[in-house]
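Per-chain numbering from 1; labels A, B, C and D assigned in written order.
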Amino acid sequence: MSKIVRTVANQLMAFVLVFGLYVIMHGHVTPGGGFQGGAIIASGVVMLIVAFGSGQIKKFLRERRLSLVESSGALLFILIAFAGIGTVFFYNFLVGSRIFGGIPPTGSNPGDVWTGGVIPVMNLAVGLKVTAGLSAAVLALALFSSGEEMEE
Amino acid sequence: MTETLIGNFPFVAAVVLMGIALYILIFRRNLIKIVMGITILSSSVNLFLVTLGYRAGGIAPIYTDAPEGPMVLPVVQALTLTNIVIAVATSALILSLVIRIYRHTGSLDSKKSRRMKG
Amino acid sequence: MRQFFAWLFLIVLMVFLVIGGFEMVHPFGEPPSTMDQYIIDNAQEEAGSNNVVGAVVFDYRGFDTLGEATVLFAAVMGVLLVLRASEKKEET
Amino acid sequence: MATLIGHSSILIIAVPLLIAFLTPLIGMASKKARNAVVIVSLAFVAFLVFALARDVILNGIHIYTLGATFPGLTIPEGTMVPVRIILEVDGVSVFMGIIVAIVSLVAVIYSLSAMKGETGQNRFYTLLLLMVGGTFGMVFTGDLFNLFVFLEITSISGAALIAFRTRFADSQEGGFKYIVVSAIASLMILFAIGLLYAQYNLLNIGALAAAIQYTMLDRIALVILISAFVMKLGGVPMHMWLSDTYSVAPVSITVLLIAASQASMYALMRICFTLYGVTLDLAVVGWIIIAIGILSMFIGVTMAVRQTDITRLIAYNCVCEAGFMLVGLGVGLAVLGDVTALRTYGTAAISGAIFHVINHALFEGLLFLVAGAIFYRIGTRDLNQMGGLGHTMKFTAMFFLLGALASSGIPPFNGFASKILIYESVYQFNPILTIIGIFVSIITLAVFVKAFFSAFTGASLPKYEDIKEVPKSMIAAMTILAVIIIIFGLFPGLVVDWIVRPATDALVGQTSYINAIVGVIP
């Protein structure tokens, strides 16, 4: 792609990242959540792949590393679920505690990020996982169809 | 009768979309078109699920600065969300298989590449 | 012959489903809501989340979301497995 | 120990998933550690399954409400319906769980040497664990949508694993076919779930069963569900995918695919017996299932006769055996409303079908492992190119004979025990069905005898002179299955009493399943 496209894509990526993170971290207050935010960031990665070509992206987004991030996201998610096993698997043990423990007033309210118990943490885990996973899948498809060798 | 006919139109639209998808899946032989058929099928199911949860005059089920009014059903929306992610996953995997098949056989026609029809 | 049966199957299925669509027991806009109303009323208190869909996704039906994340994980692993570079021998 | 059993149902599903997420990380560090972790975790899961089985059979249905304040709280205060996802483990679920536990252990032990030297082993084991977890989830869950999600996990990881050998075009096509079939089937299942949700606003199987009224929409949902699950288990109108996928997958995966198909069979049982139960037009639905079964038997066995590829032959035999189970189930379903008929032969037919599910998984698994062992050594699946392998691969030949005899229902192996149960009970329902069944069994025997002679006996071919017996871990995996087959064949009464009868009672006793959910109002 031309230099203009590359520069614009480079600048836009920052906004995409911020917006994605916002959607992930406000998943329990406004529409959005881990999957949606992760998909937004992954689409930013797709934009970079289109602008720079998959060979260029491969140099700083290694598949092994993406795979590692994805596994850690999934692990974080399931470990939070396991942490509730003192009562029951998937128990929302953080509601009422000091981390994200606030309980919003019933009915319509302005919204507070410091609520939701395990929900924001899970959103973060899922966001990490989806970002890394979708990027890895798209990168693999792009690399394979452009005929380049992938690393294991 | 006419009232239910018009009132239930969203369900019928979902069913018609499903018919289109099944038509593609049964009669088309191109592998990419089969992938498209599956995606349309999953969209039709998503549309059906979301219409199930609609309440007349309802608002989105989010309490942050919520206006007055009944909220639409949240569970179907969660189910739809799940199904969207599953559809993405499925089509990613199918596309990678299609690329592999294309590498091996040099063709996207299912008659050529598959030993048995179906 | 096969085409004929396929058309027959498709048309019969569609007729049934369209009839089903018209005959929905609960018309569009007035769904039954015993389970959902409970969630709408209690999500803020039990899950502490303003976003009721978020509460359903991560709390009430969190196990589905685990499954969903697993599906995505499996698909990504599958893509990477299918498109792996070559079948070089792995030394063990 | 009590707390462990209390949480065992979720641990059985979650531990394979947890280890699957860990496997890529461990695999980067050390391959030996990865293999050890996979085996140890699956052995732990198997232990939990047996502990849970003992508990369920002694103390009745096991309930686990995810995310509630305590596991037994199915219905929260202030409402009359279950809101959260509930795992409900009764006799049938635990029976299927035992199958999956055995089969997954065998598959992993077999893969240890069968997969040696292939690339992508980290991902192979990850997907294998995901598939095991998905199958456990399918059989343990009490929630329709959850069933759909786990079905998807199983089919996506299964499809990726079928395509594992990327150097063959066949395996890619097999994977493609499998995932297309599963995607269509599972989306139709989701549509049917939507239809049920639209009327009752429920997703829990027990609560739905209590509320169901068999309206027009319920009938449409039933038709869609039955056809989708028959599609997934390889019943006849939709059996084409089965031979194409089973024959190209790595055999340890084929064994798991059989378990996954059996999980679809379990889902079919759940839908017919528990979800709809006595509200059905029992005779009509029963006869439809019997017809599918008879067709599967016929077409499976006739297609098997024509095959020269050993794995395709066994795959068609799978279609045929699935027909036996469907006939048993159909007969049981047809007389479900009739108490005397149910008592005289209905429960026996269902027991036969359920017993055949585990026997099927065992002997078809053994046969596929043998076929995989042959492929591992000589690199072909074509029966015409084999010959005289019995001289050098003695154990393999013995195991093949054992599996073949069990599959054709020859005493004293386990296939005989379950087939005789089906024959006897079905004879009282309709003698023609039994005659067809015996006829099909005889042809099956003929098919396998032919395959055995062309592969293992005769003069040893010069090109296979230096073929050795397969590695120890493959022999070990086959031995486990063979020993279980012999034990089941020698003591069928004990097996029926311990695990099959509770499963049958659980399947027929729809009310106890419903009461476990709805009856516990705090």
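Details
Criterion: a contact is a pair of C-beta atoms (placed from the backbone, for glycine too) under 8 Å apart; a residue touches a chain by one contact, two chains touch by 3 or more.
Only a predicted model underlies this, so the values are computations on that prediction, with no experimental measurement involved.
Of all the chains, the one whose CA centre sits at the greatest distance from that of chain B is D. Taking each chain's centre as the mean of its C-alpha atoms, chain A lies 24 Å from chain B. Centre-to-centre separation between chain A and chain C, using Cα means, comes to 21 Å.
Computed centre separation for the pair chain A/chain D is 36 angstrom, with centres defined by C-alpha atoms.
In chain B, the residues that touch at least two other chains are 18, 52, 62-64, 73, 75, 79, 81-82, 85-86, 88-90, 92-93, 96-97, 99-100.
Multi-chain contact residues, meaning those touching two or more other chains, occur in chain C at positions 17, 20, 24, 31, 33, 35-36, 39, 44, 50-51, 53, 55, 57, 59-68, 70-76, 78-80, 82-86. Taken residue by residue, chain D touches two or more other chains at 14, 17, 21, 24, 66-67, 119-120, 145, 149, 152, 156, 159-160, 163, 166, 172, 175, 198, 201, 203, whereas all remaining positions touch fewer.
If the chains shown are joined wherever they touch, the resulting network links each chain directly to all the rest. Across the interface of their complex, chain B is touched by residues 145, 149, 152, 156, 159-160, 163, 166, 169-170, 172-173, 175-177, 179-180, 183-184, 187, 190-191, 194, 197-198, 201, 203, 240-241, 244 of chain D. Residue ranges of chain D in contact with chain A, taken from their complex: 7, 10, 14, 17-18, 21-22, 24-25, 28, 64-71, 119-120.
Interface residues of chain B, counted against chain D in their complex, comprise 18, 25, 31, 34, 38, 41-42, 45, 48-49, 52, 73, 75-76, 79, 82-83, 86, 89-90, 93-94, 97-98, 100-101, 104-105, 113-118.
By the touch criterion stated above, chain C contacts chain A in their complex at residues 44-51, 53-55, 57-59, 62-63, 65-66, 68-70, 72-73, 75-76, 79-80, 83-86. For chain A in complex with chain C, the touching residues are 27-33, 35, 63, 67, 70-71, 74, 77-78, 81, 89-90, 92, 95-96, 100-107, 109, 111-112, 115-119, 122-123, 126, 129-130, 133-134, 136-137, 140-141, 143-144, 149-152.
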